[in-house]
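Think of it as A, B, C and D in the order they're written, each chain with its own count starting at 1.
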Amino acid sequence: MISIRNLCVEIGDFNLKNANIDVFDGEYMVMVGPTGAGKTVILESIAGLCPLTGGQVLLRGMDVTGLPPDKRRISIVYQDHALFPHLSVQENILFGLKVRKVEKKEQERMLEKVVSLLSISSLLHRSPPTLSGGERQKSAMARALCVEPDLLLLDEPLSALDPKGREDVQEKLVNIKRSLKLTTVHVTHDFEEAIALGDRICVIGEGEVKQTGSPEEIFRRPDSEFVARFAMARNIFTGVTVVSKEGEGCQFRTDGVTFSAMEGVKEANRAVVRPEEVVVSVNPLEEGKMENVFSGQISGISDKGATLLITVDLPPPISILITRREFMHLNPVMGMMAYVGFPASAVHLFHENTL
Amino acid sequence: MISIRNLCVEIGDFNLKNANIDVFDGEYMVMVGPTGAGKTVILESIAGLCPLTGGQVLLRGMDVTGLPPDKRRISIVYQDHALFPHLSVQENILFGLKVRKVEKKEQERMLEKVVSLLSISSLLHRSPPTLSGGERQKSAMARALCVEPDLLLLDEPLSALDPKGREDVQEKLVNIKRSLKLTTVHVTHDFEEAIALGDRICVIGEGEVKQTGSPEEIFRRPDSEFVARFAMARNIFTGVTVVSKEGEGCQFRTDGVTFSAMEGVKEANRAVVRPEEVVVSVNPLEEGKMENVFSGQISGISDKGATLLITVDLPPPISILITRREFMHLNPVMGMMAYVGFPASAVHLFHENTL
Amino acid sequence: MKTLFLLLGLVLLAFLTVPVAKMVLASDPVILIETFLDKEVLAAIFLTLYAALIATVIGFIFGTPLAYLLAKTDFRGKRFVEGLIDLPLVIPHSAAGIALLFVFGRNYFMGKAFGAIGLKFLDSLGGIVIAMLFVSVPFLIDSARDGFQKVDKRLENVARTLGATRWQTFLRVSFPLAWRSIVSGNILMWARGISEFGAVIIVAYHPMTAPVLVFERFETYGLDYARPVAVILILIAMTVFVMLRLLLYRGEDR
Amino acid sequence: MKTLFLLLGLVLLAFLTVPVAKMVLASDPVILIETFLDKEVLAAIFLTLYAALIATVIGFIFGTPLAYLLAKTDFRGKRFVEGLIDLPLVIPHSAAGIALLFVFGRNYFMGKAFGAIGLKFLDSLGGIVIAMLFVSVPFLIDSARDGFQKVDKRLENVARTLGATRWQTFLRVSFPLAWRSIVSGNILMWARGISEFGAVIIVAYHPMTAPVLVFERFETYGLDYARPVAVILILIAMTVFVMLRLLLYRGEDR
């Protein structure tokens, strides 16, 4: 397990305060946050490449904070341009074994292993500047794996690639995850990527760790507005919680309407309803099937191609994500009356500190 | 109207051949293509900022190919960093009027107009390096509009912005589009952005114009594999067309299954079915409602957060886009039997040149 | 590794600074002031500063446009031209002085032409200026070129589309944005001009510039008489250089 | 605008090249060959090339580590150190020669120390080398520093995480990637060393280097006798410089 304890880093404008992150053995952790949130700096701190202003990094219980990067057995793969341009792909991959003076036979064995894992045997004698983005990324991954690290750090491994390269590299990442069970920390600004790959997700923003949990947790049970917005949970309502008498379930009152929720959260002042969990119809919805049924005027239709967002004013506006198939069936028009419904389980409450 | 006729540009590796594009007066044209497709070069050619190896640019019927950029009345807004750093925002906005020696009163009138249109009155006395990305972009747009151009060129105006800035700037773009009815060419690599903003879309790729048409056309009736892939129409089948006897409707045969389509295309050898137009169910679908009904095994489930992609092997694999709401209702499991259906109108045929 | 590198680096730094520092610090202030007030020394220093200033102004007028063209346009043989500009860095300055005399000397070509309008170069202010210009203008051109290169092409493009002519774009965008590098190039050129010796001594032994005076005193009276003049010259050159550099760097985070 | 700029630029280019070209082209090949075979000239040229080479080697050994530290580490007073390195560019070379004598002269400090082991600097090869080193090592340091700065920090980071020590990272990544700039700096330093005149003439009038010989012939016999030596010196310096530069730029698109 790798543990980051009270990590503090200050570099120029960037300032990270008291970050605590645990990554379990064999886990694939995706750290996600907006561009400029300092994700690369966190990776470099873990690898020992940038000076800490405070905190510790523990690798399998051992404090490695004072160790130089070459003694940590932590490999890093940068977003782009990180292959040695003066060496061939094969020399790049063997770099780590050569500087560690591993014997020739062992070098060959490891080379063969990573090359077949990443299917890059045809690239070995090419020079990095002649490679495509995806080929470069795979070569850099091979180089990182060749030294058999205890921890693999991936810095936006898919962001600089075109769709084709991205698909290919993503597939290789899944391969590695399945076959090596290597502890991995992958940082990205792309929430979809995090959902698709992460065993767990850690959201970074505004210089701190905002929330850590399973994709499901982050996605459906954000505990701050920042995470909710980042996870594209468009419908965030401000209001007050009224615990119902029976003790099970509770009510959330906002802007003239009241939602039924499953579980109460102490002093919750925000409710989130994900736009893809809401049903919209031009005909009245069957009561009883869903706890929350409202009607209102359609005040917005935004086309995203495969999907569309419909906004209905309850009066508080609520966005509903529908596919084009549903859209064509529904055929909504601006200003038209529409009925929306969602179960109590779709309402997630949390408490946001507002000063 | 602006017409680009047989435009050829060669700069370094980049090579654009015989591009023909027409943009009508007051139209908002979005030019979309992968990164590196040379979209910026096309804009610079239109503005007269880069030498052509062939072709003409016609502005309202007049050949402007030989005119220097300062005589064309074409404004360009670059993706980022294009404000003059040594001038305040106000000086930036007035730059064009000052060099044209427009009188002070007129300068003030125009300044007020663009400032209120973009709501940037609070920024006027700030220095560009202190602005956020969105503020910079709005200031650059104000500067471009202040000279009342005949044509506005926007180079990836939203790509460098964080989600908040992007929403703000996109709203301003819609404002400009509505209130000024200015002929605009907007280039982007983001297909969703193109769909959301474009009156028409022009797809650029592999050094040529691939297809031009309404968003609906590009999205649902691509005429090449390149455009189909770029529009994320995941299901592209290779096969042969068999025109049915009655003359209305036709059949497309691929890999053991036959699709019914609405309209035949001569020698069509590709069929596209958009993943969001397919219905998937674990129960047999009602026959007669849809022309194409199949069943097969679920061979893939890919989580994208708000939406998921389900792959069913017909035998040829077909992907279906569903929302999380539908997913929870369906509850599919890998290897399970599933039924898929889509109307004949969802099958689009085209002819792909294969050499 | 750092220790070894630091050690090697410090030895070199010491080699570069100790002689100068020792000479300056070991000088008797009274003798320095006396030397400074010596009419011959004062005249030489004034002449040096003045001639270098003229050379720099000429270099600025002719060199800035060349720097702009090298930074912003592409043409066949550009690298060749860049090589030509670095020529004075490579040519021995005494040989450069000979070459200049061969064109600007009384009996040659330009010398005759300018002689007809009363301007002579051999042993005159004019000669000092051309010698200084020849050896120090590459510093100005290189620095200004770097400055123009750093100006984003897109800023100039935007200015053009907004209606600015080439001239307006140069005056309102390129030049102001490259200003720092241009000033820095001017300072460096001036400082190099002040310190020029080899080409100047050939073209104009008289009137005597300060570096030539140092040499003359050394040759005629020996080290101890040359030293105070050398110290004063070094102090002046360094003060000007450091002051202007600080002024320029202030507020810039590099 | 372009026309005016081109005109101004061409005037300056002509000023820089015509004197040199005219002198070279107007020389009688027979006299050139005769001069070249003159024992005194040949010895001076050989001495110049040799001394500049030694200075460059010393500069490489001590200057490369300093360049690396300046490029890759941050410390208080870094800008001050950078200023110190540019000192020799600003100080008049005749004054620099005096300063060097003041430390390395027979009766001074280092002069005495080295004298004890039989190494003397005044009027000797050793003196020529330190004079050349002093005035030309900034060129090497500046160029090597730029080269190291261009090496992506992340490449060095990756090397470290793969298990390379600081030394290995320097030898296998930073140095090979900065190689071009370092070689280029060495060439420039060598060329500057060959052409040095002001500092050398003070520290070591004898044995005579080629630039000093040009001056001496000019002073003693006049322009016509100095010219062939100057031409030969210019030709040698330029040939070496151009050849090595072409070699270096080949295959690089800048």
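Just so it is clear, contacts are C-beta pairs under 8 Å (C-beta built on N, C-alpha and C of every residue); 3 or more make two chains touch, one makes a residue touch a chain.
Being a predicted model, the structure only gives us computed values, none of them experimental.
Separation of subunit B from subunit D in touch steps, taking the shortest path, is 2. By number of C-beta pairs in contact, the leading pair of chains is C-D. Centre-to-centre separation between subunit C and subunit D, using Cα means, comes to 17 Å. A separation of 55 Å divides the Cα centre of subunit B from that of subunit C. The set of subunit D residues touching two or more other chains comprises 165.
Taken as a contact graph, the chains are arranged in a single closed ring, with each chain touching exactly two others. Pairs of chains meeting the touch criterion are A-B, A-D, B-C, C-D. The residues of subunit D lying in touch with subunit A in their complex are 152, 154-155, 157-165, 168, 172-173, 176-177. Within the complex formed with subunit D, the subunit C residues making contact are 1-2, 4-6, 8-9, 11-13, 15-20, 22-23, 26, 59, 61-63, 65-66, 68-69, 79, 81, 83-85, 87-105, 109, 130, 133-134, 137, 165-167, 170, 188, 191-192, 194-198, 201-202, 210-212, 214-215, 218, 223, 226-227, 229-231, 233-234, 237-238, 241-242, 245, 249. By the touch rule above, subunit A contacts subunit D in their complex via residues 44, 47-49, 68-70, 72, 74-76, 78, 81-82, 84-86, 95-96, 99-100, 140, 143-144, 147, 149. Listing the residues of subunit A that touch subunit B in their complex gives 34-36, 162-163, 191-192, 195-196, 215, 219, 229, 231-232, 274-279, 302-307, 321-325, 328.
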